[in-house]
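The structure appears below as structure tokens.
Labels A, B and C are assigned to the chains in the order they are written; within every chain, residues are numbered from 1.
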Amino acid sequence: MTAMPELPGLRPHDDRLLPADPVVRDLARRLYQQVRDLPIISPHGHVPVEWLAGNIPFTDPTALLLSPDHYIFRLLHAGGVPLSRLGVGDQTLSEAESRTAWRTFCEHWALFRGTPSRFWMESVLSSIFGVTQRPSAQSADFIYDRVAERLTADEFRPRELFKSFGIDVLATTDDPCDDLAHHAALAADPSFDGRVVPTFRPDRYLEPGRPGFAHLMGRLAEASGEDTGDFRGYLRALAQRRRHFKEHGAVSADHSHADVVTLELAPSEAARIYAAALRGDTSTEESTALRRHMMLEMAQMSVDDGLVMTLHPGVHRNHHSPTLEEFGPDTGHDIPVAVEFTRSLQPLLDRFGTAPEFHLVLFTVDETVFSREIAPLAGFYPAVYAGVPWWFLDAPEAIRRYRGAVTETLGFYRTSGFIDDTRAFCSIPARHDMSRRLDSAYLAELVVQHRLDEDEAFETGTDLVTTIPRQVFKL
Amino acid sequence: MTAMPELPGLRPHDDRLLPADPVVRDLARRLYQQVRDLPIISPHGHVPVEWLAGNIPFTDPTALLLSPDHYIFRLLHAGGVPLSRLGVGDQTLSEAESRTAWRTFCEHWALFRGTPSRFWMESVLSSIFGVTQRPSAQSADFIYDRVAERLTADEFRPRELFKSFGIDVLATTDDPCDDLAHHAALAADPSFDGRVVPTFRPDRYLEPGRPGFAHLMGRLAEASGEDTGDFRGYLRALAQRRRHFKEHGAVSADHSHADVVTLELAPSEAARIYAAALRGDTSTEESTALRRHMMLEMAQMSVDDGLVMTLHPGVHRNHHSPTLEEFGPDTGHDIPVAVEFTRSLQPLLDRFGTAPEFHLVLFTVDETVFSREIAPLAGFYPAVYAGVPWWFLDAPEAIRRYRGAVTETLGFYRTSGFIDDTRAFCSIPARHDMSRRLDSAYLAELVVQHRLDEDEAFETGTDLVTTIPRQVFKL
Amino acid sequence: MTAMPELPGLRPHDDRLLPADPVVRDLARRLYQQVRDLPIISPHGHVPVEWLAGNIPFTDPTALLLSPDHYIFRLLHAGGVPLSRLGVGDQTLSEAESRTAWRTFCEHWALFRGTPSRFWMESVLSSIFGVTQRPSAQSADFIYDRVAERLTADEFRPRELFKSFGIDVLATTDDPCDDLAHHAALAADPSFDGRVVPTFRPDRYLEPGRPGFAHLMGRLAEASGEDTGDFRGYLRALAQRRRHFKEHGAVSADHSHADVVTLELAPSEAARIYAAALRGDTSTEESTALRRHMMLEMAQMSVDDGLVMTLHPGVHRNHHSPTLEEFGPDTGHDIPVAVEFTRSLQPLLDRFGTAPEFHLVLFTVDETVFSREIAPLAGFYPAVYAGVPWWFLDAPEAIRRYRGAVTETLGFYRTSGFIDDTRAFCSIPARHDMSRRLDSAYLAELVVQHRLDEDEAFETGTDLVTTIPRQVFKL
């Protein structure tokens, strides 16, 4: 480190994200200290279970920190860096290319000023890898070498990181036909005591209008042992896969379609459209109707089997088709659209809104629904919880806006607890840390404005990272 | 009080809701002190006039403070408490049940952390009833007894509370066919010098598609002495009832439909649809068109008779039909939807937007229209005023967002003054107190940022609770 | 000044708009001092080029400061002042009427409390004209005389003001058929070294459904020397005019339609609708479809000729038809509506979102799209930049909301730099000054919350007013 004394340092401050006012900051700091080291509960995310099952060492900084993180590479792309240079999609980079990609990232560090990626990456580099220099053209190779060297050590293998991160529960997201062998292996392995649970994510299997639906139904039949040749068999097959997931520890089923409209079809009509879909012979209206009907069936199954139902609507997937073609999905061009919950969910909530033990968690990328729809719904229906900020809104000011928008209608105990929803494994502690800092800041504000007593703030702060996520996700 | 020294206290702080920064807080405090004890003007609300006319003592804490307050019972319901245990709807609770309901509420006090109900209830319990303990399982009976005992005293009867609250004007909300006998009795009673005025609320009479419309028209004919057998008679009948209301002190007519779309039908078309509606023979499109046309007729009548027109759109009423069936309307499951004003009101404003003495006050549960539509409309049309935050938005941060969203486009003098819109009689002083604290805080912020001079802030602060509501509501 | 010692003063504070917290304010002040005197880059606005070309002295305070400023006169109109008394539209006021208009404005000064017009007008009166009294009935004539007297001096002529304002580049907005003779004259004049560039604004020429379209096509043919009798000639004519603009220094083409929907028509279909439009024989659907197709053609031309494409959608123009009839367009009753970008722009971005050197700047009057659509789009597409707050949102708190809404998704370097978009020439320095103060405040907040290092804040603050607008607008 004495080699480059002149470069700007990377020294994340202990008080980062805490409010400027000294009185509020002091209280926020005390609230934060109480929760900073509590175990991490991560009930929804996208870390590949293979990483933990195989415990294979990570290869290099780019493959670990850049290529899987669409928050990072989308902004580099906007700044003029082709995705092909960043190892996005299925591409594999040579060591030289990885190093170049890392340097490109470091050269563009200014692009990330004011973003949460900046906060997360700083935390990761500093806390996990002991980096002490700010990313820049000058420091790029030095940081690359530092991280790469650490990755060769045993304590930087996935399971060891999992443990050092203080993760108590980690949920992955999985295809309904997955045999969940990795989850089973992990659970059976006496040398690993972390809890890694799958999440049932059936989107593709619920969209009868998508190309290849009949093929998927074939896979579903194979996986479930049910005949998916008719609608009733289709429902049985889905129920079987949910049971399989539950047996492997799953606590929730996650759904992300263009909207959350629900509507009930007559059984004969549902069966008719399903049969047509198998033949690839449905209109857009018909397949949309069946998808919306299936939300009711999924809710019914959640009522029956107890899997928490989470809704993540409102994303226009794969906005830029040339990028989709070259790099595949999840490559930075999923763009939010406006969503609607009040009318859309009325049929579902009319039937299941007060069903015992039914939990429905609502997420959004359209923050206008926080105060207008999500908070009022979760402020009446025992089944409904306001999911905390998701994607594009999982950042300091957006999280503050969320608390400001929902708390006054539903307090703290109708919210879901933090969700990191990330593929960036190493950023998990930083993301939960950010959330804890921000909730501490919010609670401190309430106390200083005499909207809450101090003892209540301390209790609520702890509940937000312990009892609340456990209760909502039945953990 | 020495009996339970160990329980957490209830001590609302003098500075609550004021900003954290010491300089801003000091000025906010001074601004607040100037207005805190000024008389309350409440130009829109839902207190039953019978309470004041009869001056019947309140029976118990639950019937007074919980059962009529949907802000409270909806969140308890979300937290798992059945409405049937809270005296919601027409249900009457025994003394034991009331006490149990109160205890349930106190046990769930943590649910209300961060909500305005927490602030209001604290104020009510502390300021009106002298309660000094925070609601909890342990304090529940003690508080219940304290409030119940006070309610037996003469100074806690409705009229005496009205006086002690410092209410100058209170508007109720009334059915067009109401004879307003209670209002007349109150006005004629020399022992009561409060001003209690009715508000003309004709929603049901303007929705030709609702079941029972013909029956309502029969009632309207009876009340007005006009033949409602045809459209012209219908208009005459409505005009007569408005006159009746005006003669009993009404200053405004209030409208709350799904949207505020206005459109003009040819007279013959309006007459045709009306006739069909009497026969129960209209399509949804026809009855919606007539309802939208009637908004223009109502505006015309407001131009003619001077009643202020207030619009409260965008609520999906009775979202959960099982609750509606068991407990009736207004039981906590009215949920907001997105609203639109710019295009919807264009026909109305094209005709009446500059009509002399026409006042149109726009409220919303969809805060996205504050900056986008309401402020620009009220920033051009002399008739239009931006109604202050309503339902779900009548809370500290939402009110701050409102000021932040509208002030920069229309200042303070195109807003309506505070509206409590409440059925919770005892919360009226607390609600106005909250508003005064928040406006003082906002004005102090402007001064400290040198966006306003201090003398202007003091003048504006007073205007917001005196001249502005009087001018807007013609009081 | 000794004549009226009792009147309230006008003393804009050095720290106005800076945050209340002393630590944040101190840093904000230092950040602001670094940028306050840097040259002004104004890449989009509405100052008439004739003023500068002719350098004709302004006549009186009302004609200079009130009549051209719809921010001012719309709020006076809302407050009950008829537009006819304010010199709005083509009306010319006598000296006595100008003085009366000014007095009316000063009497209504309280209407502007909390608005940015208050800030701008204070700055203009104080910094440019040396006024030391707050506008009021008492000070009106005094201020009028002061400003009028200064306007007779040579240093208050348009070109001298331009220079004293520190304007480096000023873009005007111009009709495609304009010969740009004034721009040419200015550029050729050795006595004026300011850079004044035209902007290509073809809205009317791209709306085939508007009355008079065929006539416009005739003008376009004349101006371009191309035969606009068929669709291909129409495209050639537009391309020719763009070349003409570019030759006269234009850097951008600006588009403001009801929406930004883009769709591709088959060439034969576009040609068919165009031919029908020349005959005045298109349906609304057809002319809308052609307008939406033309957005793609405009984008293609921007890709070809390098003019930056800016989109300003979502305004319902001329909401009040009686005012339009009497006073013409741009008279205060253009009202925002909700807009949509994600789906609307997908066809355009699919084709051009990664085209080299294509710049597309997105503005909005609907702030809900900041975090939901604009930031995610500009956070992926190299072509897209988030335009800074526009109309109704060009005010302190709205600008703060903008930074809070977009920064976390795209940082600072995907935003456009400040746009004043004003017809109020004298307010240009005040508007840029406001923006610089607010960005300094925001950067200081980030530093104090340890989200940004101090050296980064200083660099970013400078970039926001220098390299960023130059890069985005190719200046």
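Throughout what follows, contacts are C-beta pairs under 8 Å (C-beta built on N, C-alpha and C of every residue); 3 or more make two chains touch, one makes a residue touch a chain.
Keep in mind the model is a prediction, meaning the values are calculated, not measured.
Annotation, chain A versus chain C: rotation angle of 120 degrees from the Cα superposition, expressed as a multiple of 5. Both copies, chain B and chain C, contribute mostly unmatched positions to the interface they share, with under half of the numbers common to the two.
Centre-to-centre separation between chain B and chain C, using Cα means, comes to 40 Å. Multi-chain contact residues of chain A, defined as those touching 2 or more other chains: 19, 21, 368. Residues of chain C that touch chain A in their complex: 19, 21, 23-24, 340, 342-343, 346, 349-350, 353-354, 368, 371-373, 375-382, 384, 404-405, 407-414, 445-446, 448-453, 455-456, 459-460.
Residue ranges of chain B in contact with chain A, taken from their complex: 8, 12-13, 15-21, 74-75, 77-80, 110-116, 118-119, 134, 316, 319-323, 332-333, 335-338, 365-368, 392-393, 395-398, 401.
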